[in-house]
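Quick one: structure below, then a few questions.
Each chain gets a letter, A, B, C and D, in the order it is written, and its residues are counted from 1.
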Amino acid sequence: MNRLSVNFCGVQFKNPVIPASGTFGYGREYEQFYPLSRLGGISVKGTTLNRREGNPGPRVAETPSGMLNSVGLQNGGVKKFLEYEMPNLVTKDTRIIANIAGATVEECAELASMLEGSAVDLIELNISCPNVKAGGAAFGTDCTVAGQVTRAVKDATTKPLMVKLSPNVTSITDIAKSVEANGADAVSLINTLLGMRIDIKTGRPILKNNVGGLSGPAVFPVAVRMVWQVANAVKIPVMGMGGVATWEDAVEIMMAGASAVQVGAAIFNDPYTPIKIIDGLEKYCIDNNIDNISQIVGTVKPW
Amino acid sequence: MYKQGKFIIAEKKAIAKGIFDITVLCPEIAAETMPGQFAQVAAEGFFLRRPISICEVDRDKGTIRLVFEVRGHGTDKISQLAKGSLVDIIAPLGKSFTVLEKGKKAICIGGGIGTPPMVEIAKAYGENATVISGFRSANAVILQEDFKANGNKTILCTDDGTAGIKGFVTDALSSELAKEKPDIIYACGPMMMLKGVTQIAAENGIYCEVSLEQRMACGVGACLVCVCRTVKNGEEFNSHVCKDGPVFDSKEVVFE
Amino acid sequence: MNRLSVNFCGVQFKNPVIPASGTFGYGREYEQFYPLSRLGGISVKGTTLNRREGNPGPRVAETPSGMLNSVGLQNGGVKKFLEYEMPNLVTKDTRIIANIAGATVEECAELASMLEGSAVDLIELNISCPNVKAGGAAFGTDCTVAGQVTRAVKDATTKPLMVKLSPNVTSITDIAKSVEANGADAVSLINTLLGMRIDIKTGRPILKNNVGGLSGPAVFPVAVRMVWQVANAVKIPVMGMGGVATWEDAVEIMMAGASAVQVGAAIFNDPYTPIKIIDGLEKYCIDNNIDNISQIVGTVKPW
Amino acid sequence: MYKQGKFIIAEKKAIAKGIFDITVLCPEIAAETMPGQFAQVAAEGFFLRRPISICEVDRDKGTIRLVFEVRGHGTDKISQLAKGSLVDIIAPLGKSFTVLEKGKKAICIGGGIGTPPMVEIAKAYGENATVISGFRSANAVILQEDFKANGNKTILCTDDGTAGIKGFVTDALSSELAKEKPDIIYACGPMMMLKGVTQIAAENGIYCEVSLEQRMACGVGACLVCVCRTVKNGEEFNSHVCKDGPVFDSKEVVFE
C-alpha cells in the first residue's frame, strides 16, 4: 500500500516531503547522505533570468530556534539550470519543482515560458523573497500586483503553477485569494519573516544586508496559523512550510491544511530531517490505520 | 562522502584559557579526512552547527581532534561536553590543503585560533615544514608541542613578546623567506594576517593557500550563505567557504 | 552616576527595563521575588472599561523558544484597577504604565479620560491585541483606524500617550507614522505575532481560541527589525519589546532604536529576567565607559 | 514566599515504566511547602516550565519529592537529569489542601499520575486517612508503600483488575462511604474522576477538595493563562489554577 503518495494539483508525489527552495541547492550535496529518490520532490534554488551573485556576506545569523538569511537569490540563471542541473535532476526519480523569481512581471513570465518543454513538474513562483530589491516581496505584499504576476506567469506556461506567499502581510488570505483568482493552481507558504540581528560588540547588523529572512522552528506557529487560514480561504491546494523539523510538525501543518510539506532550515541542523519525516509519517499512518496521508489534510477541528 | 552522526568524545582537555581540545572516535570520518577539512559541530540548544577545523587525524585509532576556543554561547556549550559523551558532527567537509610530493618544503602559518588546522598539514611535511605561529600573549600559546612531535621546525611569535619573538607572523615569514624559499605556504588566521601573508607570498612568487572563515548554515554547499569574494581570470565572483573552501589559492581571494 | 536612568517622552525612568503588559499582572506576584522598586516601571495588564473574563482555556501553548497565549484581556475593568491596584502600585516607587484596550474608539477615549487624575505615568494604548474580537488588532492593522483611535485618546488625556503596535502588518512604519501624526507621544512594539498550534493526538488546536499571540525569544529578530524600521521612520521614542530575554538582547534592541525595553514571556522562564537585565546593563555601561545607557539608543550602523 | 533556584537532585529513581521519583535538596522550599502545592520545573531547551506537584516534604532533611510521568518532550528532558545534577525549580506554588485538626478522618483519592499529591496530605492524617488509588494496570501502580509508611489504609483499584480491585476509584469511594463517612475528601486525577468524586461527596454532604490541572506559563498568578471555570454564590467566573488552585473546594469547580 502506498500510504504516503499524494496528488498535488495533478502532480503525483511519492510522498509529501520536499526540501524547500534555497535550502537544498539542486540536491547534489545532500545526495551524499541519502538517495534523492527517497524524497517526494525537490524545490530547487530560486532561479532568475540571468545569473545573480546575490548579496554580500555575512548572509546568515543565528536566532533562537531559527536563523536569518540574506542570500538574495544567488544562482546561475535559468539557462544554467536547464543545461546543467536539469539533466542531472531528471535521473533522480523525484519530482522537480522549479522556483522562479523575476525582477519584473515580464521576467517572471519569460522564466516560466523558458521552462516549457523541460521536465519540471511544477513551477513555484516566488513572490516573497525578502532579500531582493526588485520583485520578491514587493510582488507578494500587494494583492493587485500578486494577481497580475500570477496571471502573466499562468498565461506563459502549461505547467501547474504554485505561488509562494510572503508572511510579511496584514492578510495572507487576501493575497492567496488574489493569486487563486488569477489562475494559480496551488499556493506554497510561508516564505521567511523579515528579521534583523545586531552584533552588539561592533554595533553593526550581523547581516551585510542589514535585514534577512527568518526561518526555522521559531516560525512554525506562524506557518501553521497561515496555512490554516489560507486553506480555509481558497480551494486550491496548499504546500505548507516554515519551521517544519519533525514528522509531528509535518502532521500538524497537514492537519492545518497543507497537502504537502516543504522542509527548509531544519536540514541545516540535521541533514536527515526529510528522511526522518518520511519514515515518521509512514509509521504514523501504520500506527493510526491511515490508508493515505492525504486523509489527514485539513482535518483540524477548530473549537 | 559527508558523514553525520553522534560520536564518542574519547579525550578532552583544556589546553589554554578557554581553549579546548577534544578527540572524537569516528573511524569512518577519520579514514576520509584530509588536512584542512572541517567538521560542523552541533551545540545543544542552538540551531546552527559550529564549523571547527579538524586539527589532527589518527587513522589507526579512528579519531579526529578538534581544538577550539570558546567565543560565544555555542562553543561554550560544546566545551561542556564531557569525555565519554556524544558529540554530533558532520564531517569531513570542505576542500583540503594541497599536499605536495615528498621532499618539498612548506611554511605553515597559524594566527591564534587559526593554528589548529596547521597541525595535520604540517605533519605531512615533517622536518620539511616550518611552522610559524602567532598569539596575543604567552598564555594563549597552543599546539607547539604537537608541531615538535611532527618533526616540524617551529617559530613562535607573540604580540606582546611574552613568549617567542615579539612581533607578527608576517615579519617572521619575511625573515624565513630571506633565508630559504619553501615550495608552498599555508596560512590560517585573521583576515589581516592572511592578507599580509598572501602579499608576501605573491612578492616572493610562492604558491600559497589560505583557510578562510565565514558564518555557515548547511556546511555542505547547498544554502549559499557562506559567501566570500574570489577572483579567477580577472573576473570576480562569489565562492562558498564550506564547499569551494575553506582552503583557497591565496591569489584567488579578494581581500577588502 | 545614574547610568541607567532614561527620559522617555518626558517621563523619567530609573532604568529602561519594564515588565511587559500581561506578563506581570500588577506586580503583586513577582514582588515575592524582588522589590518592584528595582524596575524602571511596570506596564500593567491590559485594562478595559468593564471587567472581562477573557477567553476559555487552554490559553497557552508552548512553541520552539516561545509560546502562544490567548488570554483575551481578562481583567477587572478600569474601576477595579484604579481602586484596588493603583493604591498599591503607587507605593512601589516605580513608574506605572497603564495598558488600555477598548472595543470601540469611544471606549478607548473614555478609558484614557478615566485615568486622568490618577498617578499613572504613561498610557499605553493597545491597538494590537490579537485575542479579542472587537478593537485590538482590528485597530492596529489599519492606518486610518489606528490614527483615529490615537487622536481620540490623545484628546481625552493630558498624560503622555504611547501606542502599542501590532507586528501582523505589511508595513509597521505606515502604522507608526499614522499614530505619530495623530498625536502619539511614543510607540511601543511589538505585540504578539498571530500563531497556532494543533495537538496532533486530538486533531484540535491546543488553544481553545484556536489561534493566539506568539511571544518569547523566537520573535526577537522580528522585533529588532521592526524597532529599527520604526525608529527610523518616526521622531517619537520607541519602547522595544518582543523576545527580550538577556541584557545582550536589551542592548541589541536599544541599538536598533528602542529608548526603553519591555520584557514579557522571558519572565515565565526566569522570574528574575528583568533584574538580570538591569544588572547586566549597569555592568555593560561600566565596562564600556558609557555614562548613560541612552547613548546607545539607535546607534546601530547599517551597512 | 516563592523561591526560584537550581537545586541538587539528592535521589532519583524510576518507580514504574516512565514514572520518575526525584528528591530535591532545597531546605528553604521544604520549610514552607504545604500539602497540595506544586513546583514549576524547568526543562532544558524548553521555554515553559512544567508544573509538578510536591509529592512529599522532609523538613528535617530539607528535601521535597517530585513524582512525575514522562508525557512529552519536556518531562522526558527532566527525567534525564541525573542524581547529583541541578534542577531549576520555582516553589512552593499554589493553594494547599486544607488540613483539619488532629483526629479528623480523611479519604484521599488519586487517579493515575494524580496520586503523588496525595502522599503528603495523607501523611497528615496517618491512620485516620484512607487512600484510594486507581491505575490502568498493575504495572502503573505507584506509591502504595509510601501510603503504608504513612500509616494510611490503602485501597488499590485497577481498570483491568491486574492489581487490587477491578474497578474505578469512585466505586471504591462509594463503598467506603457506605461504611463510614470521613470529615473530608481529597482528590486528584482525570477530570472525569474528579467530577464523579465531587458528585459523590456532594450527595453525601462531605466537604471535598480537588486538585486541578491546566497548562501554565508563569505559575504564580500573573499571566492568567491557566484558567478554569469556578462558581461562587451562583456566579460563574474564571479562576487560575496556579494561584487560586490547584486545590479547589469541589463545589466551586464547574465541570463541563
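In the analysis below, a residue touches a chain if its C-beta (ideal position, glycine included) is under 8 Å from a C-beta of that chain, and two chains touch if they have at least 3 such contacts.
These numbers were taken from a predicted model, which means no experiment stands behind them.
Set against the C-alpha centre of chain D, every other chain centre is closer than that of B.
Averaging C-alpha coordinates per chain places the centre of chain B 56 Å away from that of chain D. Centre-to-centre, using mean CA coordinates, chain A is 47 Å away from chain D. Between chain C and chain D, the centres computed from C-alpha atoms are 36 Å apart.
Looking at chain B, no residue sits in touch with two or more other chains.
Chain A has residues 61, 63-66, 216-217 in contact with two or more other chains. If you draw each protein chain as a dot and join the dots that touch, you get one closed loop, with every dot joined to exactly two others.
Pairs of chains that satisfy the touch definition comprise A-B, A-C, B-D, C-D. Residue ranges on chain C touching chain A, taken from their complex, read 61, 63-66, 68, 141, 168-170, 193-198, 200, 203-205, 208-211, 214, 216-222, 224-225, 228, 243, 248, 251-252, 255-256, 299-303.
Within the complex formed with chain D, the residues of chain C that make contact are 22-25, 28-30, 32-33, 45, 53-54, 56-67, 69, 71, 74, 206, 216-217, 265, 267-272. Taken together, the chain B residues at the contact with chain D in this complex read 44-45. On the chain D side of its complex with chain C, the touching residues are 1-2, 4, 42, 46-49, 74, 90, 214-229, 237-238, 243.
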